[in-house]
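Next, two complexes with subunit A in common: one pairs it with subunit B, the other with subunit C.
On to the complex of A and B.
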């Protein structure tokens, strides 16, 4: 049982990053123009490096120097940076597009180094337009399910693939396809100047779980978990499961009681033709003509002229 | 290069002042951009001051600066209005700051930019003659692509190609224009690439991904290798029907360090308020501890300058 707020926040801070890295597989970081996700990506990279894991970074969008900003030299020494920023399409070298990101991804898939490893892809939004979608998905699947069995052992390496994705750049198809590949999905958002991470976890043979953490990232890319704004102002509704039952607090009735259902079932619709109705129409009884029409003509209705006088009949 | 020989990148500092300012850095009611050396101020300062009994407001925005800022991409965006006044101001600013400027002018003629530049105190003709300004006049050069033979690929060679997706000649033109040369030429300050405008490339048949790749290579070369800046204008259709333009705009937004978005007023045309300007600072690789990175001002374009004021604070309505 935690005794003070600082310990609780430290525990929450560690829990958030640990939960994202612990299970492995593909962790999809979805960000937007207003709420960038590269800071969270670097916070996760720092966490992995501090745990003495191997960290490989495929840098496509920013330069190596810009990406290393904010990290200490100890952290930077732990990072293996594959720089695709300066010449991603091999244009400067005059060679056609042969290696580049596909070659780098393929090389990552073939790595045989032992030990847990974290692979950061910065970013998937850059890779998607430049690689065939199926190729990228195959490579992502291979990356996040790398097995190492030296000497015939059946041990499975802990591989965590962090993929940064700018969600405005892609349609629902690619987004959905990548979501289906991901074991963990993090949607970076926020409100009123406070950033939030909506985390959706999918585990085999378990129901998906979700939670929202309010956080801020310090200049050294440490994570600071906040209390956050009230629940009502959370910006991200659950995209996959309902949080609130829409059937409550309705002004109309969607359910019928037993008595109401019996009355409904026994009701004869006006245009439903049955044998009883047929008999009633063919043989009108004494009680059939129960309606009368009472008409009192107005004074000007007594027009002696025949309206058909003008017809030549 | 400064006097010590180190590379100093000029990050634009927005100085927005209302009437009556006595700053030597700006003329009356103008957007001015200071070229003061980068002295390491690391946080934003927003200072409001009331000058005597006047209602005038001055707002000085200091983006974070460090001694060796590696170069920035500034995205100019306009929606339901014309944001080209920002292009003219950035052009005049960087020329006055003694920067080497490569201007890809695809929309208007040289004389148009020159006439506006003269109103802002710069002569594009003089700048071009002394080698400070490299001007690609898209309207005129497009004719050369079709009616003149070239040994080397023309920067607008993509106009003749069936699949207009190769902007490599245009990138080579930019790199050649801004690459550091030997010491025989005057020592210009940081190189700057200015593009007016990138949406036009989509209209000419270039795909959004190709344009993004072009800007990517310009960033890698001009910003990172040459330690310069890139400023580009993109239009926002706003209706969501132009998917290619939306991809281009969003892709550039994610690459940008500073986004200046001009918008028309939602209530329609106004004689005294021509639109509003949203300023959004982004550091793609740096976290921002506080989310007060965006500001909104309204503006009125005058003959030789632009006046800015807080929302609802137009002198016409006060």
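On to the complex of A and C.
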């Protein structure tokens, strides 16, 4: 039993990270103040480094030492770190301001090394105010679509761009625009004590799929997938998903009882001409109460004058 | 003979035209409209272009959007010289479909197609167009689903609405290129030979903009300027505006612009709250409409309007377009699990229909429309959830 559980969890654990990295393109990691996403980013980086992929990191928000904390040395040796935290204007290279983060990104765009590569942007929230929004989008799009090989060459570059984005720093416009650019979106959230990742996958030509995984990050930045939050703190059910019964406030009757249905079926409609009806119409007063017309002439109708007297014929 | 063929198709389908136009008043009257382009009538001649037909209301030249259901809702089709704006759904799942149906209709009818995109290569977009449905398979598809919302079920003998039994069923004629609207199989790709036989132009923004041009404030973004110049060149060189008198055979130019206004086009109107150049998009639409009105072209634009909360921008964009259709999909919303909406994939809103040479427009009475993407077909129906609830 324990063995089965472990196997299942190992499978689930590797499946979650693999599925995030396998498709490529832009993976947007959205986190918030309560649930930080940098550890998930580092878990993904560790996974890619273990698979012998090339990993480039654009570090803007935390220092290089802080970022490398928790990684073993062989993983650290696989990472190519572009430090913008210490040198945001990229003065060491002597490039002007706009060439700083932009230059780094476009340099990564123009690489020609074959093989799968992972690029981690820590974080997009830092880049958004520093770059024109449109330039960032265009560069991200060019970065994440490098696997369309130009000129029909046989080598397929699988590029995966991991972008960390802090939700609270941006309005719905920029957030929505980046979401529409991303192939996979991971929203880190959770309930008491348990982090969850809501993963939304957009594949071309297909409907987007979504799933929620409960996970926790171990100190060595490997991922542990849980089954769900602890029982005591079940999230309260979403009121929208309660079954809506549209029959509650109807003014007409949609369900008929058996007797009513029989009565309805046996009813003769006015335009259906049957022989009984014909008889009834032709011979009125066959014992049925036929209708009588009661007429009482009004007082002023008793006019003795003949209107035709006025005619001069 | 091509003129006669199109004329024949036009006259033969007036019966279905009458049924199509008067959606709410279903009659068995066959309306005999004036025969257009009739070679034997000797009346006023109209050069009939493949894939177009005159509107029964005001004689405006119409083309099909690629979805006969949408054609009906827009009053017969899309008028030549106008812009159809599709407001994309949130995850951009269904608006590319409408975009592709429009282009596929152009390829089938032999129109010249111009595809502009900042995200995907136009050649790739054209490869992914849906294949046209052939006659037999289309009959099967139509029998399966409820095509017209007012068509009662014919398998049960009608007791109360007995007069409707005399109505003819929806016609299922042969699919030839002289037909106005075609059906497409969304699960299959268009045959390669059709694309190669067609004339198309592609505009892929990353290829056209290589250097960062200096952008002047108050003017259009460089991407838009390039696109407008490209369209203008095509219209002029290929004679869609009548400038090339040697061309006898007139044709329609179908322009498709994908995700206009998104940041990939270099326009930040949808991704920033207070953008500097907020008039670039509106200027583009204004100039584009001027180009379209003076040429035989139709344009479809998809726009991610869901990204902005700014109602002023949406209102301006709507005013500058002619026909506006909004798509709202249920993916990710609470309606996905709601049993009332389980039959449908989303709602379709007809936001605006143009008044062209008219005081009124051809607005349909039905406002509550939903769409569903089946395995092959994209259907639009009146949202009728009580019926579906009874059926269980």
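A few notes on this one:
One rule holds for everything that comes next: the second predicted complex is superposed on the first by the 210 of 313 C-alpha atoms of A that agree within 3 Å, B and C clash if a C-alpha of one lies under 4 Å from a C-alpha of the other, contacts with A are read in each partner's own complex, and residues count from 1 in each chain.
Following the convention adopted for this analysis, contacts are C-beta pairs under 8 Å (C-beta built on N, C-alpha and C of every residue); 3 or more make two chains touch, one makes a residue touch a chain.
The structure displayed is predicted, hence computed values, not measured ones.
Within the superposed three-chain model, A:134 lies in touch with subunit C and out of touch with subunit B [touch as defined at top].
In the superposition on chain A, contact is made by A:166 with subunit B only, not with subunit C. In the superposition on chain A, A:24 contacts neither subunit B nor subunit C.
Of the two partner chains, neither subunit B nor subunit C is touched by A:189.
In the superposed model, A:59 lies in contact with neither subunit B nor subunit C.
Overlap of the subunit B and subunit C interfaces on subunit A comprises no residues. Contact residues of subunit B toward subunit A in the complex are 70, 168, 171, 209, 212-213, 216-217, 220, 224-225, 246-247, 250-251, 253-255, 259, 280, 282, 284-292. Taken in their complex, subunit C has these residues touching subunit A: 91-93, 119, 121, 128, 159-160, 162, 206, 212, 221, 262-268, 270-273, 304, 306-309, 331-332, 334, 337-340, 385-386, 389-390. Looking at the complex, you find that subunit A touches subunit C at residues 132-138, 141-142, 148, 171-174, 176-177, 180-181, 200, 202, 205, 207-208, 210, 238, 240-241, 243-244, 246-247, 254, 269, 271-272. Across the interface of their complex, subunit B is touched by residues 33-34, 36, 38-39, 42, 61-63, 65-67, 69-70, 85-89, 91, 125, 129-130, 166, 168-169, 190, 193-195, 216-219, 221 of subunit A.
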